[in-house]
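Listed next: structures, encoded as structure tokens.
In the two complexes below, chain A is the common chain; its partner is chain B in one and chain C in the other.
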Partner chain A sequence: MIAFKLAYKNLMGAGLRTLLIVFVLSLAYVLIIYMNGLYQGWDRQARIETIAWEVAQGQYWQDLYDPYDAMTLTDAHATLPASLEESAAKGKAAPILVTQATIYPEGRMMGVMLKGIDTRQKILSLPTDILDPEADEITAIVGTRLAKSAGLETGDYLLIRWRDVHGTFDATEVKIAGMFKTAVPAVDQGQVWISLTKLQQITGMPGQATLVVVDSAPEEGASLSGWEFKGHDFLFKELEEMIRTKTVGGSIFYIIILALALLAVFDTQVLSIFRRQREIGTYIAMGMTRKQVVGIFTVEGGMHAILAVVLGAAYGFPLLLWTQKSGIKMPEGTDDFGMAAAEHMYPYYSVALIIGTIILVMIATTIVSYMPSRKISKMNPNDAIRGKIQ
Partner chain B sequence: MRNGNIITIEKLSKSFPIGGGEFTALSGIYLTFEKGEFSGIVGPSGSGKTTLLNILGSLDTPSEGQTNVLGRASTQMNPKVAAKLRKQHIGFIFQTYNLLPVYTVYENVEFPLLLLKKTAAERKKAVLEALEWVGLTDKIKSKPSQLSGGESQRVAIARAMVKKPDLVLADEPTANLDAENSHHILQTMEKLNQELQTTFVFATHDEKVIGYLRRIIRLEDGKVVSDENIKK
Partner chain C sequence: MIRFKHTIQITAIMMLISGSLWAQPSGKEILDLIDANMSSETRYVKSKMVIHGPRTSRTIESESWSEGVSAFTEYLAPAREKGTKMLKLEDKLWIFSPSTDRTIQISGHMLRQSVMGSDLSYEDMMDDKKLSDVYDAVVVDSETIGNTDCWIVEMTATSEEVAYQMRKLWVDKSRNIPLKEELYAKSGKLLKKTELTNIQQHGSRWYPGKITFKDMLKKGAGTEFIVDEIKFDIEIPEYILSKASLR
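For the complex of A and B:
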């Protein structure tokens, strides 16, 4: 208690110097929370959007399916097991058949993934109800990204060529029945969505699918022959990697700010111990052990971090709250990174992030305060009392 | 403690390493101090007064020989025990006052009691009493920077006396004061010595202080050259 009281009084007595250090430290708090909140918000938003548009509560993959292996894709299809068929009939699963195709927008040639999906599905946010599986012509929906790159508009006809189950090329014109805007590029860029039954017909794969999206994860251990369940842990691995990479990159900035603040604390401690030798000697003469005096100076340095929490909260709280409510407009082309990114990013400041940051900065400040304070334990109290430079 | 003495010094020597050799600050000192003494170690600069005072205050240790201060032998004293001895039984008064600059007069005097973990009520009573002894009750909210030299030293006396120690060690307490303030300070200390039976040991070469002492121990080149009791 004495240490805190004394530390507070000394810090207040130091005036502007304390204010500057506390301000830089508070800046470190706010920046760390802001930057990490941004990445957490991005991660959270990307997860929500990806669940809504692409992965739902998990996917069953046909054993040969590997989204990154074009060679096996032609064989990655199979008839649905009865249990998945039943789930699909109840609307609890949405089978998707995937095949490679080529489109020819405005005379150009573009490789796409042609995906057939149950038009009645409600698991994903894709507006599949626009698709008419009964119509003579094939209708398709595309995302705004593909529409932009291929120059497509609703009502346009698009020549599409694919290979059927025997490897024979076939082609027809599909009508763009609608478009959708999504933050998930994986269901948009280079993706053409048509009715599952139509795709099964034109490829000669009746009753077959490549993957099945489900609205609830199966119980652990439940397996289906020829199909493997991929949960969120697997499906979000890449997203997490990407967020981690970006977090590390972004942290360099606030590490510099934190280092500057810690340097200022260190410098102040060194100066303080040098200038206050007489005071140190007096503490020892009054019956404090050197350890206790080291404690006083460490608390004093560490208290910068406590005051910084107060100052940081004063201006940081409204600022962070504002960014959380109004979001941050993302620059054009952010989703070119390949991960879900909406037009506005809403930072997410979790309690764990805020408390974790406070603890991190406090520990770092206390360590930096302790390091020069150790000099006290080597001081000769008689010289210190007389203020002799040591 | 032996024979009612609160301090016993036997064959005390203290040397400091200087360059490649050694400087002997104290050599072959034998002394005893009784409770309630108002005594001084007198001698020119470099005679070893402060060194002796620091050893008595357990701020330093003898190179040879031993001391026994309030029942604690220097040979058995570790830093923790020494700190406890200072905290509970010894008050210090320094030439340069050494008040804590960020604390008020009241808080400076209160500080030793905080270390002793006294309750707020006990502290308040003791601090006001100590400030009354030194006549500074009207300055309790002042900071050391707002006080004169004499006032600062009176605060330092109040701080040393507030815990009613058995022993007060005063190192050149009047060196930075004018004659009037010096006498005022010394009268205050003399009064406290008589009223509270606190043992005072001064290190000084100031004639004003010497005039108040009831026992004068003269040191020269680290050796006791005379030890006389003065009848008042």
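For the complex of A and C:
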């Protein structure tokens, strides 16, 4: 306890020097929590949106389906297994048929994915109930991104060309029945959604699908012949990697700030030990062990981190709370990379993140405080008390 | 006397009817005549392909040798494409790119991609099936294009595995060469139009000096294929139509 009291008095006595170090350390706290909270919030939001709009609780992929190889699409379709057919009938699964197509908005040629989805599905947030599978004309829904790039409005007719299962060309005009706004570009950019039965009919693939979205993951080991289940682990792998990369990139800022703060603590410790040799000698002469003296100096250095928590909380807490509430506007085109990103990103500061950051900075500060203090254990107390430079 | 006159009139009408019927060949006959005029055992063509984009046009020069279902093309200009070689053997297609020094095989669905940004796909280029093998042809009408009398032949695919379910040909009655072709989607929508102009005589054959391909769904002036030099039934060294020629 005496060590803490001494350390506190010494730090307060140092005045401005202590304040500066504590301020820089508090900046490190706030920045670490802010940056990580931002990426955690992005990850969380992207997951929620992607589950709602694209992947639900997992997807069954037809064996030949590879979303990164559009060439596989012509063969990646099959009749649904009975169990999936049953789930689809109960509204627990939504089959999707995917084929390549070309749209001609205003005479421009654009490659798209023409996707057929069960219009009664409620698993994904896509407004598929707008689609009329019984109508003579084909109705379609598109996302606002595609609508913007193709200059489409609700009610417009869009010329679309595709190939049927035999490779024969077919073309017709589809009516844009509605639009949807989503943070998930994977269901918007270059995607035209029509009724599943219509797509099956015009491509000559009755009862077939490319993938099936389900509302609950199957039990471990449950497999369907010709169809492979892809869970969240697989479907979010890319998102996680992207967030990880971004986190590493973003960490550079707070690593620099933290390094500066730690350097200041280290310098202060070296200077203290150099200038306070008589004090050190006196402590030892009064019966303190070298270890205890090292402890006093280490606690003194480490206390910068404790004071920084208080200062950081004073201005960081309202600041972080504000960013969490109002969100941060993402730059235009962030979602062009293919990642789900809403217009506003809401950081997520978990308790684990805050406690983890405090522990990390405290440990780092204590280590850099301890390193110069080790010199004390090698000091000759007689020389120290006389103030002889050692 | 009157009876004799009637007999002559009836005979004349009969002859006219039968004559006109005889003069209109069947769709299949027209396709056979086209094949006989345009197909040859071997062929060498030096040509230019002018690809009209929305803002600019590009010209690609090439020379190619073909024999039956095999063909070899080497691009001569522009500098960016120079040295690119394309070899088709049966239903396989390889492309050698000098910039990467690699040969890749174009197969399956990649064949549906556009050739160098033109209105033609690799599949269109590779389509060497005889029209009479894949389509049922019916002569539906006659029309004059410019000053040339043409048969209008409607072709409907006999199998489902054909890119275009319906085609329409305007065939020069005297020279047995199509002057215009329209390709339709299953729904009946016009997809592509081809015009063959500058018809020239090469020995006993007639061949177009310029073919214009136009994707009717998109804006633009299409792609022109200009024949600079053409030779029929020439001797092609064996190595040209082999993978050795790609290097």
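The rule is short, and it goes like this: the second predicted complex is superposed on the first by the 390 of 390 C-alpha atoms of A that agree within 3 Å, B and C clash if a C-alpha of one lies under 4 Å from a C-alpha of the other, contacts with A are read in each partner's own complex, and residues count from 1 in each chain.
Note that in this section a residue touches a chain if its C-beta (ideal position, glycine included) is under 8 Å from a C-beta of that chain, and two chains touch if they have at least 3 such contacts.
Keep in mind it's a predicted model, so treat the numbers as computed, not measured.
Chemist: Clash or fit: chain B against chain C, after overlaying the two structures on chain A?
Modeler: Fit.
Chemist: Answer with first, second, both or neither: which of chain B and chain C does A:M109 touch in the superposed model?
Modeler: Touch status of A:M109: second partner only.
Chemist: Should A:G167 be classified as contacting the first partner (chain B), the second (chain C), both, or neither?
Modeler: second
Chemist: Output check: A:R374 vs chain B and chain C. Expected answer is one of first, second, both, neither. What do you get?
Modeler: neither
Chemist: Considering only touches as defined above, state whether A:K122 meets chain B (first), chain C (second), both or neither.
Modeler: A:K122: touches no partner chain.
Chemist: Under the stated touch criterion, which partner chain does A:G13 make contact with: chain B (first), chain C (second), both, or neither?
Modeler: Once the two structures are laid over each other on A, A:G13 reaches chain B alone.
Chemist: Quick one: classify A:L159 as touching chain B (first), chain C (second), both or neither.
Modeler: Touch status of A:L159: second partner only.
Chemist: Given the overlay on chain A, how many degrees, to the nearest 10, lie between chain B and chain C at the CA centre of chain A?
Modeler: So the angle at the centre of chain A is 150 degrees.
Chemist: Should A:M71 be classified as contacting the first partner (chain B), the second (chain C), both, or neither?
Modeler: A:M71: touches chain C, not chain B.
Chemist: With the two complexes overlaid on chain A, what is the closest approach of chain B to chain C, counting only CA atoms, in Å?
Modeler: 73
Chemist: Counting contacts the way the document defines them, which residues of chain A are shared by the two interfaces, the one with chain B and the one with chain C?
Modeler: Overlap of chain B and chain C footprints on chain A: empty.
Chemist: In their shared complex, at which residues does chain C touch chain A?
Modeler: Those in contact with chain A are residues 54, 108-110, 112, 157, 160-165, 183, 185-187, 189, 191, 215, 217-220.
Chemist: Show which residues of chain B lie in contact with chain A when the two form their complex.
Modeler: 50, 54, 57, 59-60, 79-80, 83-88, 90, 92, 94-96, 98, 100-103, 111-112, 114-115
Chemist: Mind pulling up the chain A residues that touch chain C in the complex?
Modeler: Residue list for chain A touching chain C: 70-71, 73-74, 102, 104, 106-109, 159, 161, 163-164, 166-172, 204.
Chemist: Inside the complex, what are the residues of chain A that reach chain B?
Modeler: Counting only chain A, the residues touching chain B are 2, 6, 9-10, 12-13, 278-279, 281-282, 284-290, 381-382, 385-387.
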